[in-house]
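See the structures that follow.
In the two complexes that follow, chain A is the common piece, with chain B as its partner first and chain C second.
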Partner chain A sequence: MTFRMKMLLPVICGLMLLAVSGCGSPVKPVDQIEVWHWMTDRHDVLEQLAKQYEQETGIKVKLELFAPSDAYTQKIIAAAQANVLPDIYGILDKKSIVAAFIKAGFVMDLTPAYQANNGAWEQSLFAKALETTRFAEGNASKVPPGFYGVPIDTSSIQMVYNKNLLKKAGIAKPPATFDEFILDIEALRRVGVTPFVSGFGEMWLLDCFASNYAFNIMGEQKVMQTLRGEVPYTDPDWIKVLTIFKTLRDKKAFIEGIVTKGNKYSEQDFALERAAFSFNGWWCVNVYKGMNPGLSYGVVPLPAMASPFPLKSWGGAGSWFVVNNTSRNKDKAVRFLQWLTAKEQQVFLSEKTLNLPANREAIRMIPPVLGDFAKAMDNMTHPTIWPVNEDPLVIEAFDKGLQAIIIGEKSPESVAQDVQAVKARQMAKAKK
Partner chain B sequence: MNIFNSRYVLERVAKNTAVHIFLMAAAAACLLPLFWMIRSSLMSNATIFTDQALFPHEFNAGNYATAWVRGNFSVYFLNSVLYTVSVVAGIVMIASLAAFAFSRLRFPGRDVLFYMFVAAMMIPLPGSFVPLFVMMSKLHLTNSPLGYILCMINVGLPLSILLLKTFFDKMPQDLEDAARIDGCSRVQILWHVALPLARPAIAVIVMYNTLNVWNEFILANLLLNDKSLMPLQTGLMAFAGTHQVDYPVLMAGLTITAIPVVAVYVFMQKHIVKELWTGVLVG
Partner chain C sequence: MGAHAQIRALKIPNADIYKNFLFVLPAVVIFLLFYIYPFFQLFYVSLHEWPGIGPMTFVGLQNFKDLAGDQIWWASIGHAGYITLIALTFQNALAFALALACDREIRMKRFYRVIFFIPPVLSEVVVGILWNWVLNAGQQNGQQIGLLNAFLVQAGLPNLVHGWLSDPKTALTCIAVVHAWKGFGWGFMLLLAGLQTIDRQLYEAARVDGASSWRMFWNVTVPMMFPVITVVMILTILGSMQVFVLILSLVNQGLVYHTEVPVTRILGAMSGTNQFGYACAQAVIFGAILLTVSFLVKKLSGFGKQA
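Coming up: the complex of A and B.
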């Protein structure tokens, strides 16, 4: 045997030893809860809370972070197939996928836990946040009705305004109605300030803006009737919704290139005081703090149109966890989530990460800007909780139509006809 | 005559200038992102969006320390070194044995087996995630460095085998015959004759797989759970939140992670050029 071969042998033996060491069956301690999450910005704070929980109860909470969220989703799907899901995890996917996890027995029905002690846990959380985790009686996925998740924070999308720029234009307070908004836009233009920026290059944000006004102009019932195909998009109320974008365009409200702007760039514009108003989600508090800590801004709902119906904003549950129904630690996991969503922990989470708490009482003790985002919580809505959802091709036609109106390529009437044509085609396909 | 000379000189200068301008533009296009990364890593969150100057007005070198500590780089760096060295060594060892067998040995099903290896290159990695995870889970090789190393060796093998086989195919039969006459066994022919000649191909394999393993994190995220086992790229995720990114610290982290790869690239590039010429002369 040559010297080189003699050198190779220990390497091969070492590799084999490593292989053997890897083949041991992993043993999970009983007094340990394993949580898999994707929230990079909340990991350190969750670690602190986990340590506190261990000190209080003796139960160790092992937090494992997998990011970005796409990689996390793949990990969860693979772990479900191999039946090695952790005690607590999140499903970052459509409700139909959540339903598939429930049907496969990987998600615990938390309804009894929520309703224990006269529903104390349920009542401590925002109903709109809980709604996202609920499957109602007779749901399309045929999942037994109940609550299947625990929201650890909430979401809200509102209008933010720059106090200094409004002052420069002589505007004393932010607009409450759409007419006031138009007057403010004119005042801002007179002093050379760009009135409005938003990430309208991202279809979902544009869709959200339009949806808020659709609820305001025609009410929830008529919006749902449209989604069911009972009311056409050429209805005068839908023309009114589309005309909002034409009016804003005619008044030169939008920043240049708004239909190609991603939300990150619109956040940059607002943070650097290049526009007076922006339509953005609660996360912007964190973003603006990073980009321009001295930015003076406030939060208001979108200025409503004169109508008997309230303007509803997209929001509700933010991040939410589920408990693994196959876990032998599932009761301990539920107790940990109850502790995590209690007022004290929610205030701590909110203060440290600048996210909106899921606990109702915590809302009074968080930073004022966040509190303003949370004010409208009872008036929130979201496509995930609607009884019926629009066909993706119709949504695409609608959002592209909005962009066409903003750049002056099409009129509201022609966009309405285009969208209705797609809707009719998709409905005919569905009937077949 | 003078006119012809001066025209020739002019043409040559014009051609050289055009070529140099093109090469300088290409070099600038390659180097500008690296320069911008280093520039941004020295800025603060407050200035990164406002200071548009080529060289920042205020330097904030503390981002590197922040990235190292917050990204837990001391642990991840060692992990990445371990994974890269093990995977590259494993690939070179297995690929050279396999490629030599496919090229020089006659056995039933040789071509079918080889084309199966080559076909494996066509399967995108994310497409095999679920079956891979299930298999590794059944073998109790998830959350284990060995499991990750084996998977990464598997990822790098097809192309490496293809490269080496192509190289071994071109090796003259006379060299092998001469070695046999001198009393070499097949393993000795591989070790003493084929592998020294294949150094340029091995250099390419080492470089390609080093880059591949060093920059990988999706498979690591899938197979590993413990933070203490994660590679360097995972540390970078700490700076990219769901809705916001700490750009200066992220850029500092990216610079740290890029340094070893650039070093390997520079080192191996010289080696390849040198060995390529040697290989040509020997061949």
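Coming up: the complex of A and C.
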């Protein structure tokens, strides 16, 4: 071997070793907390809070933004597979996936932290928001009971209405019942106003709309019985839920192209006064402010059907973080999250980003329109707090079926049969 | 004679052989790590049921069996095939025609080259947003809000006004046309580069022999361009069969199942329904289909060239 060769060999081997070692878990500084998030609208404000935290405690908070949320979800799953998760992160996925993260040892049980000091931290936050992060005793995922996350805001999805367009159609107040809603749709059509827009091209929004009415028509117990497979989707109550979409289509309530419309486009339509009603989440306050600051609108719950059961809307926890249980900095991470959810920081976040705070006391200091979104907090529900969740393939069949009803391709009865067929298949598969 | 014996016959010193292997080693390691290993991992996962995290459950070929009976999956292959067909015909014919035009001595041909190359360099998300403005449907104060529909009204064709992206009859064709609009620039550049390599003397000789322009096109241009046309066809097939960002940008999560293509199904199985094993089985089958189609095109183009 020549001298040059002898010199080259260790260099090449060293480089390869370096490349291979680069594939392992990086060593993180002890006085630095790493946070991965997906909230493009809150990044700058979170950066400001991170700087403030560093000034107050000397601990640096390194924020990494990965967006959109779909890409973030993939990033988190890939990082978990490679065991390179940061100290604080979010799991924007179904509760079954959260459970998988917990079982894999990637999520810290925060129950002791919440219950310390006579439960001061737990009591400072909205119970509905906290509920999303909780696994109850005897949960279906067989996760040890406890709180596994920290909500940094709350969520609420309601119906917004354009005050000027309602006035143009001679409608004095927004509808409280579904029958009133139909009358309003007819009145709006008479004056050439498109009644309703929503981002039904995004399946979760369609699912959310249908789910609210399912709770209203048959009650929570029967919805859960359906998810467990004890009530079929061909049940008359489910046909009623599906028929709502047929009724709205027949009454020409929907803006043209609603089935493929993304929520960003639906927000644009509402902000530009192309439709009188929209089904949207609390974040729209920020969006409408940016698109049309002069927009005159209000917030109401979806108009309920006549039924003994209340209409429940999706809401509770908005964005929530978990602490990486494998992190060396997990205690520091918990202290940072406690600081972030304290009243002062929550008011700051809410004022700057127009999000609903998770802290109870902060809610009194937020803009009125956000307050309207928060009013329904006690009547919120969300799949993440249900004791049982539907199989994702059944959800897909259900949502695609709703689209088929809206475009007039299928009847509610036919969609119900299709969904039930998928449900039966998945249940048979689960039994094997 | 084996490779090792051949090297021995060349009398290359052992040290040089090892040195050469050492220089190749990083590339081989990278290739094994980032190409070969993921491929085997993909196949391995396709034999399991796995939600993306936690333990995998071995299910053998069950995912492939399920896939064989998955009508939505096969329909999605058909949709991708339709988009590919439009690209192979409309898109490539347009690209070839424009390349032929720009290969001649015409005014402002450099300007045209730049213009024709703008759509391919745009992000598919941007193209989707752009065409959403064009294909949007609905009215405000009696006026159409979509450019195409507004144009149709202005042109006295209000009966053609349509929800282009929300009607199963038109949604996939609209996607295919937008994809062709975005993609024709690549074919244009490759074909133009190919045209410019054809020896001009061939045309002059043909002209001296009294050949018409049409005859020169068929007997000189097309045969000389066969290798480039084959490359363009294979790239078009691979690019069109894998289209999905444009679809997400135009119709979000799809119009029922009418705009599903294989990649949206794979993506849906992974992030929508958390069936990573099934998604990998889809990816394996889809990869095999793409390989087979590319191989067939290569073979057929070989026959065409001989003919």
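As a working rule, the second predicted complex is superposed on the first by the 324 of 432 C-alpha atoms of A that agree within 3 Å, B and C clash if a C-alpha of one lies under 4 Å from a C-alpha of the other, contacts with A are read in each partner's own complex, and residues count from 1 in each chain.
Keep in mind that, in the parts below, a residue touches a chain if its C-beta (ideal position, glycine included) is under 8 Å from a C-beta of that chain, and two chains touch if they have at least 3 such contacts.
Predicted, not measured: the structure shown is a model, and the values here were computed from it.
Q: What is the contact status of A:69 with respect to chain B (first) and chain C (second): first, second, both, or neither?
A: First partner only, chain B.
Q: Give one of first, second, both or neither to describe whether A:272 is in contact with chain B, with chain C, with both, or with none.
A: Both partners, chain B and chain C.
Q: Which of the two partners, first being chain B and second being chain C, lies in contact with A:120: first, second, both, or neither?
A: In the superposition, A:120 touches no partner, neither chain B nor chain C.
Q: Could you look at A:41 and tell me whether it touches chain B, chain C, both or neither (first, second, both, neither)?
A: first
Q: First (chain B), second (chain C), both or neither: which does A:427 touch?
A: Neither chain B nor chain C is touched by A:427.
Q: Touching A:77 in the superposition: chain B (first), chain C (second), both, neither?
A: Both: A:77 reaches chain B and chain C.
Q: Which partner does A:100 contact after superposing on A: first (chain B), second (chain C), both, neither?
A: A:100: touches chain C, not chain B.
Q: Of the partners chain B and chain C, which touch A:407 in the superposed model: first, second, both, neither?
A: Touch partner of A:407: chain C, not chain B.
Q: After the superposition on A, what does A:286 contact: first (chain B), second (chain C), both or neither?
A: first
Q: Please report the chain A residues shared by its interface with chain B and its interface with chain C.
A: 19, 74, 77, 81, 272
Q: Which bits of chain A are touching chain B when the two form their complex?
A: So the residues of chain A touching chain B come out as 4, 18-19, 21-26, 36, 38-41, 43, 64-69, 71-72, 74-75, 77-79, 81-82, 84, 268, 271-272, 281, 283-284, 286-287, 290-293.
Q: What part of chain A is in contact with chain C in the complex they form?
A: Its residues touching chain C are 1-2, 5, 8-9, 12, 15-16, 19, 70, 73-74, 77, 80-81, 93-94, 96-97, 100-101, 103-104, 192, 194, 199, 201-203, 255-262, 265, 269, 272-274, 392-393, 396, 400, 403-404, 407, 409.
Q: Where on chain B is chain A touching in the complex?
A: Spelled out, the residues of chain B in touch with chain A are 45-46, 49-50, 126, 129-130, 132-134, 137-147, 191, 217-218, 221-222, 225-227, 237-244, 246.
Q: Along chain C, where are the residues that touch chain A in the complex?
A: Residues 15, 18-19, 22, 25-26, 29, 51-54, 132, 136-142, 145, 163, 165-168, 171, 250-257, 259, 268, 270-275.
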